[in-house]
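Right after this note come the structures.
Note that subunit A is present in both complexes that follow, paired respectively with subunit B and with subunit C.
Coming up: the complex of A and B.
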């Protein structure tokens, strides 16, 4: 086999993992508060800028950049919940959709105001080094993304399935009113969900910065890709979001290789259309048994 | 002695529609009070008004404290546990997890939750064999037992059960009601909504009859069973 395929595989999985993390953010919010958060992609963009600020401007080491990003986005998640979600609570689906779209525009414009309109680069920790492993060119950033994604997903599963608070979150996702009748403070669970979703988006943004550049336009298209991942993975399914993300990433990278980079977005949408025709319920069509 | 739970002229609304009209009701320590009436008479609405999941007006007090402005999650913490109609088990969670959620939801400690699960399983030994099974895989009777067991995890001072017999075979229903009576005798008063009037009158001490959102009659179950109107309308004799 041509070593290029292994190289493309790693690259596709890494990009896919990023889409998967953004899609996970979508899914957590969909499950807990039944809102599709169209601002989710913008947190990927914002993550890049926050990482740049901590890493390049303030000179923090990479691990500290990641930790600080998590903290900043957890706080932002609480603010997002209080400012965007809570005031519209009880509104219909479209109301929330417009609310989150408005949030996306605000975030983008505030980011432009703070960091300016030009794209920047932020390379930590590998300074764009590429390793040649027996003819296969490996970008260590790809491996870092994959390792971090495994870690984050494992952490998320541990939280959801092994901790009391995680169970309350699953209970709220499965039946909100019954959860309330049992005494679950669903409002707090909602706030926590926003914090977790945003933190995941922010970390993904820091990790993907060396691949995508730190750019105001990253969020919208990545958000769309994650949305595709959510649909083809199976609406509301956690493993589905990841699988969908990986699939979109792979398709994109291989399309770029076989055609040109201009084809990667149309091909991703073609996959979406194919799924909507052949298997509209997604890879992990929702069964009550495995809904988390 | 004043009543444990007291409703004075309580009305409830679904949006603009009023579905409960100035209902007054009392539940005393130790008793089983049953609510009967046709479909849509407002029985479930009354329970939902007490637990706070719908908009209500009027005065509701529990153990001498006004609760009609509290949120559902705070009312549970005061000790009123509402086991809703249709059991509403979390389908994607195991029996054990469903019980655990019942304890975590009101902030019980890990030790408290372990003890609570043991107590719940002592009441419903059949759940022991299904402890690792998912909610969706349980039979109707098992689901109802789990729903009541999950309610017990909050250490209720008053238990409200909404149509526990719904869709259950007569034998299963009888088992369930015997267990429910046992729970009552262990010191938990109950407000019980039941379509099966014969059953309700057999297990309850006092009874309220509802029609189109109003409480139209109340009294001890012993005299209700002999009431010709009740007999004709609900017992089919």
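Coming up: the complex of A and C.
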């Protein structure tokens, strides 16, 4: 095999892992409150700026930056839940679509107000180091992202299926009213969900910053691709988020290689359409009762 | 009855409009409008335009205004959307401005051109697309306080083809009018590209394209796009796969933001700048004044060009007894050898004020001129 294909494979998996990581945020919210959060991409953007603030401006070490980002986003998650989700709960799909899109716009403009419109750079922790492994160039940041995505997939799966709290969350998603009647504090479940989902989005932002720069324009396209990954992987499926993300990443990179960059997005959307026609339930289709 | 009431309403609103006009003439106020991107993807550049114009207006007002009339600055945000720029322009035009500072994106200016022709208000821009000041596009109402891109590209091509003379070159450009015009200019200058790649707006990973460039084994890669952030991203990714290849870049690389993003990757990059900050004592002093007026303002060729444009506009307004657009247009056209911060402005029949760029190479984090063609 031509070594260029191996390199393309590595790059495609790397970018796919990023989409997968963002898609996990979607999936968690779909699983517990059954809403699509279109502001999820903007948390990727915001995570970069928050990481930059702790890391570059306040000089925190990398692990502390990650911890602080999780805390900040967990708090933001409760705010998001109170301000965006709770007032609209019970609304239909379109209500939440508009609500979360509005949130995305607000987040973007607030971020511009705080940090200014210029892009910045945050190259922790590897400072753009590249390793040559038998002629294939490996970026350690890619490995870190892939490892984090796999870890989160496993962690989330365990949490939702093997812990009591996870079961409560799934029960709420399946039937909010019944869950409430059975004594589940559905309001708290929503708050917890958004805190977790935003924390994942924020961490993804910190980790993606060395590759995509800390830039106001990072969120929208990445969010859109992650949304495609969510559908392809299987609506609400946790392993599906990763599988869908990797597939979208690979399709994009090979489409660019064999055609031109202009074909990259059309081909990604064509694959989505193909899935919607041939296998609308996605790669990991699950019975409604087992949704995770 | 309804008709009569409508007429009455119309008449009274005309009366009110007339009175406000009268009032503003009494208060001796000159309105200058800025229609540019304060939010959205182009906000980083748009805010530099507003900052440059604001400094000029503040300085003129501090010295008593134009012939005793205070200058009022109105800024409208186009949200970096072509439709938004039309709305912003129309909104400004309704406040009777004498001059409007337009957006810096070529395609936005082309969208606005028919409206500018119709409203007959002189408009300044720092958009560098050659077409912007074409007589049939602008109708003589658009003035450019920047060198047109064909002249800047020519400076860069002349230098690159003699001093670097790559045996094999490759190009990656943004998939838009701007990127395509850069590619065409290099091609018609005789650059035979061994690999030609593009990227889309919003793309964050260009590794597939860069791997194809690498396979062609070029001595030099041309990067042609408009956003400094994207130029920084492309540089980072190019440097991963081709650490030593010479990079020749559009003026997106001729701002400090670019170097800060590309870090060491920006070192040795060849680009063309309308202006190099701090190269003269005047520009050093101007940069200090800009920072003093607004600590967040960015010192760049965009803010400097916008400052110059506003100063030229106010000089033209001051030379006329009445703030009549047609007279002001003539006054601007007549300006020759005006020493601005960016360079010496002489407006030609197209409305272009500057006529060449400086080829620079990033050396130790500073833009170092390697040739001057002004």
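Keep in mind that, in the parts below, the second predicted complex is superposed on the first by the 283 of 292 C-alpha atoms of A that agree within 3 Å, B and C clash if a C-alpha of one lies under 4 Å from a C-alpha of the other, contacts with A are read in each partner's own complex, and residues count from 1 in each chain.
Basically, a residue touches a chain if its C-beta (ideal position, glycine included) is under 8 Å from a C-beta of that chain, and two chains touch if they have at least 3 such contacts.
Nothing here was measured: the structure is a model prediction, and the numbers come from that model.
Here subunit B and subunit C are compared by how many residues of subunit A each touches, and C touches more.
In the superposition on chain A, A:261 makes contact with subunit C only, not with subunit B. In the superposition on chain A, A:182 contacts subunit B only, with no contact to subunit C. In the superposition on chain A, A:167 makes contact with subunit B only, not with subunit C. Of the two partner chains placed around the shared chain by superposition, subunit C is the only one that A:128 touches, whereas subunit B remains out of contact.
In the superposed model, A:62 makes contact with neither subunit B nor subunit C. Contacts of A:216 after superposition: subunit C is touched, whereas subunit B is not reached. On subunit A, the surface touched by subunit B in one complex and the surface touched by subunit C in the other have no residue in common.
Looking at the complex, you find that subunit A touches subunit C at residues 4, 7-8, 11, 15, 109, 112, 116-121, 123, 128, 130, 137, 139, 211-213, 215-218, 220-222, 252-254, 256-257, 260-262, 264-265. Contacts from subunit B toward subunit A in the complex involve residues 51, 53, 72-73, 76-77, 81-82, 84, 88, 90-93, 97, 100-102, 104-107, 110, 113, 134-137, 150-151, 153-154. Residues 164-165, 167-168, 170-171, 174-175, 177-186, 288-292 of subunit A are the ones that touch subunit B when the two sit in their complex. Remark: subunit C residues 39, 41, 43-44, 46-47, 175, 197-200, 202-209, 211-212, 215, 228-229, 232-233, 236, 239-241, 257, 260-261, 263, 265, 296, 298 touch subunit A in the complex.
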